[in-house]
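Two complexes follow with subunit A in common, the first pairing it with subunit B and the second with subunit C.
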Partner chain A sequence: MKKISYSMLSLLGLAIIFTSCGDQGKSSSNGALSSSAAEKVYVAPGEHDDYYAFISGGFSGQLSVYGLPSGRLFKVIPVFSQDAEKAYGYNEETKPMLNTSFGFVPWDDSHHPDISQTNGELDGRFVFINGNNTPRIAKIDLTTFETTEIIEVPNSAGNHSSSFVTENTEYVVAGTRFSVPVPQRDMPINEYKGNFKGVLSFISVDPEDGGMDIKFQLIMPGFDYDLSHPGRGASHGWFFFTTYNTEEASTLLEVNASQNDKDFIAAVNWKKIEEYVNNGGGTIMPTNYAHNVYDEHTHTATSTMKKEVLVVDPLKVPGAVYFLPTPKSPHGCDVDPSGEYIVGNGKLSANLTVHSFTKMLDAIENKKFDGEAYGIPILKFEDVLAGTVNQAGLGPLHTEFDGQGNAYTTFFISSEVVKWKLKTWEVVDRQSTYYSVGHLMIPGGNSRKPFGKYALAMNKITKDRYLPTGPEVTQSAQLFDISGEKMELLLDFPTIGEPHYAAGIPADLIKPNSKKIYSLTENKHKYATTSDADVRVERNGKEVHIYMTMIRSHFNPDNIEGVKVGDKVYFHVTNLEQDYDVPHGVSVIGANTSELLIMPGQTESFVWEPKQVGVWPFYCTDFCSALHQEMQGYVRVSPADSDIDLSWSLGE
Partner chain B sequence: MKKSRILMVLGVLLPLMLFVFPLWNITLEAPQYPTPLGMDIYINDFADANPHDIKNINLMNHYVGMKYIPDAIPEFKIFPAGIIITTILGLLIAFKANYKWYLYWFILMVVLSSAGLYDFYLWEHDYGNDLDPKAIMKFTNPDGSVMGFQPPLFGSKDILNFRAHSYPQLGAFFMGIGMLLSFLAFLVGKKGK
Partner chain C sequence: MKIVFKSMVLLFSLLLVSCGGKEEKKKEGFSVKRQKTIEKVVETPAVPETKASERVDLSNKGIGPVTSLEIGNAIDEAMAVKGKEVFDQMCMACHRVGKKFIGPAPNGILERRTPEWAMNMILNPDQMVKEDPLAKDLLMEFNGSPMANQGLTEEQARAVLEYFRTL
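So, the complex of A and B:
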């Protein structure tokens, strides 16, 4: 007996050896024995990840850049919130980026990043992302990974069904979550019904430089427009928005907006409206909103207040808007890669409703209407329905696609990702998430060409998944391998803020375009000092402008005298380096603002208002070189009535 | 036209490629420069191998007190003139003189390029050893003498955290082949006599 068990053991040992050897060759096989999750997410030191993941920071207002499959954080791109580390919203150059019709707004709630597309495929030029609270759409340039444009969206509130791009990035679309009086006015809240409006904004994107402009705003009935996605392929030219609160309640919405058995998906034929507008249709409405643009050559943002917007009444454009009845306050509104299926995730339902674009066109043509809402035809539910995924889970929120005929839907209440098949509507697999998953992301999962290798689930609740850090714990993302029939959980990793939604893209589409430095010869900053011959200090009344340069390992000038208490001192600092990854930073004692972190070839400015007489040091804040500790200087501050002239020097 | 003459004309014209391609290249490798720093030496210019390389070499070398690589040196005028004169001379020889002169032209070119290499060595020696006495970092050899940072004339060498490579480039090869062709023209001419 003993002998037998020994030989059994040795056989088992052999089996293990053989399996582990076999592993090296084929990593696609399934099962715990055949490959380890650790191996699949391991990116060796010095190696690069296969995918970029742009994960929104939710209430942090920013956009984070992670690598997949490793889950390593590379950068937090400041978008809607001030960032003292990078001086975003603190230095003179980027303060205008956060200007709005409400003045300077240093925070927002960033939700849905979406990567620009060409012919329905990711092109890796820009990421767009919406600010929810003070409605704004931002554009991040993926050559510099900086926010280069922010446009405020007037007549909108809780800018949530945003910022999704059409197949050729003709438009980035922003829909209002909260309906409001349009234009805003003083009126009783309980007169909401029939009086408030929901505005859907179509922001055109210049094909050359990506410049954004509000082409038109569609004034819709006063529902809550929750999420949206563009049609693609055959349905290109349409845009779909989920709605809830078709009850038009203004109070206790958790009850009052959950009464109707079905709300709507609004199908908007934007091509038709575009044509109407191009032919002079629509009405100019006076309004006020900020359009902020950061110029890469002046390294400076400008904010322009715009005073009017073109609005369109959907009833004036016959055939432009239809409502598709969709059960139970649908949340996510997702369109499959072919453009045929529109998935409405009724968040109070256990079922998923899938509409058919072909059937929708047929229903429109044959006028299969089921009444109307504020003059907009409601299509018959049965006549647009493609199928239902029955009892898939609890609280469906969002769906993405792998391009292999499968869809992946998150279920918030039952904390799981469910894989199901398009056309047959059968559930194939389900995996738990930890906990309460919101969005999920498959790179390219909302385009004609998904890269169906990984799915990233973004969870709202973390509880015990990591070492505890007091009452506030990190939120997290979970990476699944979806290349096999069954999904496999590979990795948990913490995120910044709330990982609300993400956009992923193969690294090769972006990596070669990433800039290494800013060219000094292209620096057109108003206060740039591109040569040491031009360093100087100038006084203009109480204003003092220091034209300073920095290069390993000194400032020029580094001794400045003649500054007085009560002066407003502008440090305009140019980094003369032209080498990759040699930024310098600067700050001065007592500055009531952040440091500057200046990339090679860039100029930035901060203001210092010295309040005390003395000799005050400034220094480089980014460990730049072997002589970093020596990179320092002094400003002498004299009494307000002093008659010491301005002087400056280096090495004297 | 005789075979030897064709070879001679070809040999005389090839060094003109020095106006198109670099003569020499110095490359510096270090871990923190995953893309190495490099300088291409043309007969009339120092050029960045990648944008801003010379500026970055200067920035780095100032720590040990090395001078900035100059924008221009007198050789940038002398070398092109020398190439043009020897080319004209070579063409005159190819068309007017007999094959013995092919050998004289070859010898002239050997002498001139040796002088050029010696000049390059002198510049390198000065660049690597004439250091600013106020240099930020001063290094000494084990015997106590001041450490120099002269790049190799030909080959590869470790200098502090860098590995320096110095090798001829396409322009130099064209000149070398041209010279060999002139010698070959001489041999062919001699044989045909």
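So, the complex of A and C:
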């Protein structure tokens, strides 16, 4: 061991010598530039950032909240994965949030956050995000920055072309990446072609309380539905999905799904289908999926299993779905702020294909078809094409817009962001990224009204950009100033991984609505103790319920006796504070779960099953006051056959 | 072997110093900072003649939203009932009638304090314990337990005060 550490040290020493001598020259050469970039991202102590950026946590399953331009991390909102820090998925209240038709699933792969919209503009009420692996859509309430609803998506697999909202948040849309047998059944894999289906789900969002419900599922041919975006303005009422693997291969897709010169963008007229469904169209299909809702007043989630879903055969609704041929396995499907242009980012191409909504309508009206796929008309490529951005770079993935007539596309293979002009299709600027950029985000870039000041590039590879941390290095983002003619790289900052898409919004649209405390008088938790007069411990067979309160700096009760080995002890703890930023935490020795972190006015519960006789301490886990270290208590645990009555006290 | 490695490390550190020693300086600054955060600043409070909780001060109105408050002669019973409700939910975790608990007992408060001071202590405790001399002394007397801001409205605080008059 020692030998290794010495050799490492000497290597490190060597590295420092080289870098320290080399770096000095480098930093002085671009000193002027870096100081102006520094000023642009500097947010003085105590000052606030101009923008919130909600960046997907990728395979962490969570959603992170950063400030722009500083790149400071404010919060990681637990969504699809358990989070011991916040007790999410560990406490009794939030365990139901992670329930699915497969049982409790404590992880997912979170991908594409999207902020709710009204009249095509960001309204800052909710963020939606998709779980890719076990298909789910989550809703985060931006008054509390907490996940308040998760709906499982049946008949879907690899929930990737999700979770994008329509112009008035009528729907949050979730498309399947992997086609599968629908309904699921036992069949040979090599009979995929013609038998597997791709399901596109339209989940309605209640305009009042934001409640989600699957309105209908469109049963499409068995392609891979990669990404999607809503129409807006004139194209409001339509939704566009990129497809690949129109070859319908089930094996070695890297070769077999790259055979066709063109795949499709599927254009779905959801208003037409909505009308069909409202008039009794569609078929009820038996299925099984979880719908989990967190109630802000009971501080408790409930999970309901739903047993049926309405499915629609696109051939039964004439004029509802068309295919727009699009070259080279398109990935991102992006619609400009006017709603006229639909960009297909053909990821195996050097060119970008832009379709025109007006031309599409014209082609439909005049039946300019080029055949059909499984009965769905294929429009003639030349008749829907608005233009091509030629030789823009290698491997285009995603495009965003600044609202000034410019588009910004990421190129994964050539590792750059390219700025080009709508209508003339000319490239006007390109900047390298470090390295291999995936998504990028301009606040409001997927809406009628982008805020074209910054663009955030989210990179797939970091390599040498930060101090190394072993083979696994941080995920990263890069901030560009796009207010000028040329883009300027301002900042690298690490992110939780892996960042796919992000959604940004001016801070002023969210900040005033952010809740500071939960009101004790509105606390409707089943086991709340909102007054010290109601503090108690109750036994019900082997179950013991402790109704406990906490305030700076004690628990009530803090001495409990009469608990026995083999009991199941519920700590129901209410934080009586009503002041901003005074949470308390609690845990007890040997608890097989996480701590609770309880916000002012909130109640949370955890279960403790004492296995050993003794006197066991519990304590506050969040430094709350000068007397935080005194915030502690004891539970006496007696043998299973003892006859000690329950008793509890504070200060006696 | 060990010695060879050790000497290599020494050699490199020397080289490092010769190269300008910039990194070394940084290290020093960092460790000094760390030490500072660990250090505790101990203040010795002046010991007052009488306990702050027993001192009578009927001129100090405290610091906060309430600058003048008239209290009627008769107790408003309905208001006092409401005040008890608020007290039981928001205050009882730290204040108990008739005995010192985390904080002082509210009994007879208006014999020792102006109504304005009592209201401001409820409504604006953070500033009071920092700036009002009496509130500062109280904080020390009660082991540094801060008076929590429970977010009462002025109306609620007034009702609590009326309840205190019934005690």
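Operating definition for what follows: the second predicted complex is superposed on the first by the 617 of 652 C-alpha atoms of A that agree within 3 Å, B and C clash if a C-alpha of one lies under 4 Å from a C-alpha of the other, contacts with A are read in each partner's own complex, and residues count from 1 in each chain.
The rule is simple: a contact is a pair of C-beta atoms (placed from the backbone, for glycine too) under 8 Å apart; a residue touches a chain by one contact, two chains touch by 3 or more.
Because the structure is predicted, anything quoted here is derived from the model rather than measured.
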item	value
Partner chain in contact with A:S514 - subunit B first, subunit C second, else both or neither	neither
First (subunit B), second (subunit C), both or neither touched by A:T304	neither
First, second, both or neither for A:A533, with subunit B first and subunit C second	second
Touching partner for A:D579 - first (subunit B), second (subunit C), both, neither	both
Winner by number of subunit A residues touched, once subunit B and subunit C are compared	C
Touched partner set for A:A626, first subunit B, second subunit C, both or neither	both
Which superposed partner A:I551 touches (first subunit B, second subunit C, both, neither)	both
Touched partner set for A:Q391, first subunit B, second subunit C, both or neither	neither
Touching partner for A:G651 - first (subunit B), second (subunit C), both, neither	second
Touching both subunit C and subunit B, counted on subunit A across the two superposed complexes	517, 551-552, 577-579, 626-627
Subunit A contact footprint on subunit C (complex, rising order)	1-2, 5-6, 8-9, 12-13, 15-16, 19-20, 22-23, 88-90, 92-94, 101-102, 143-146, 148-152
In the complex with subunit C, residue positions of subunit A that touch it	2-3, 6-7, 9-10, 13-14, 16-17, 20-21, 24, 517, 520-521, 530-533, 549, 551-554, 556, 576-579, 582, 625-627, 651
Subunit B partner contacts - residues on subunit A that touch it in the complex	517, 551-552, 577-580, 626-627
Residues of subunit B that touch subunit A when the two form their complex	35, 51-52, 55-56, 59, 63, 136-137
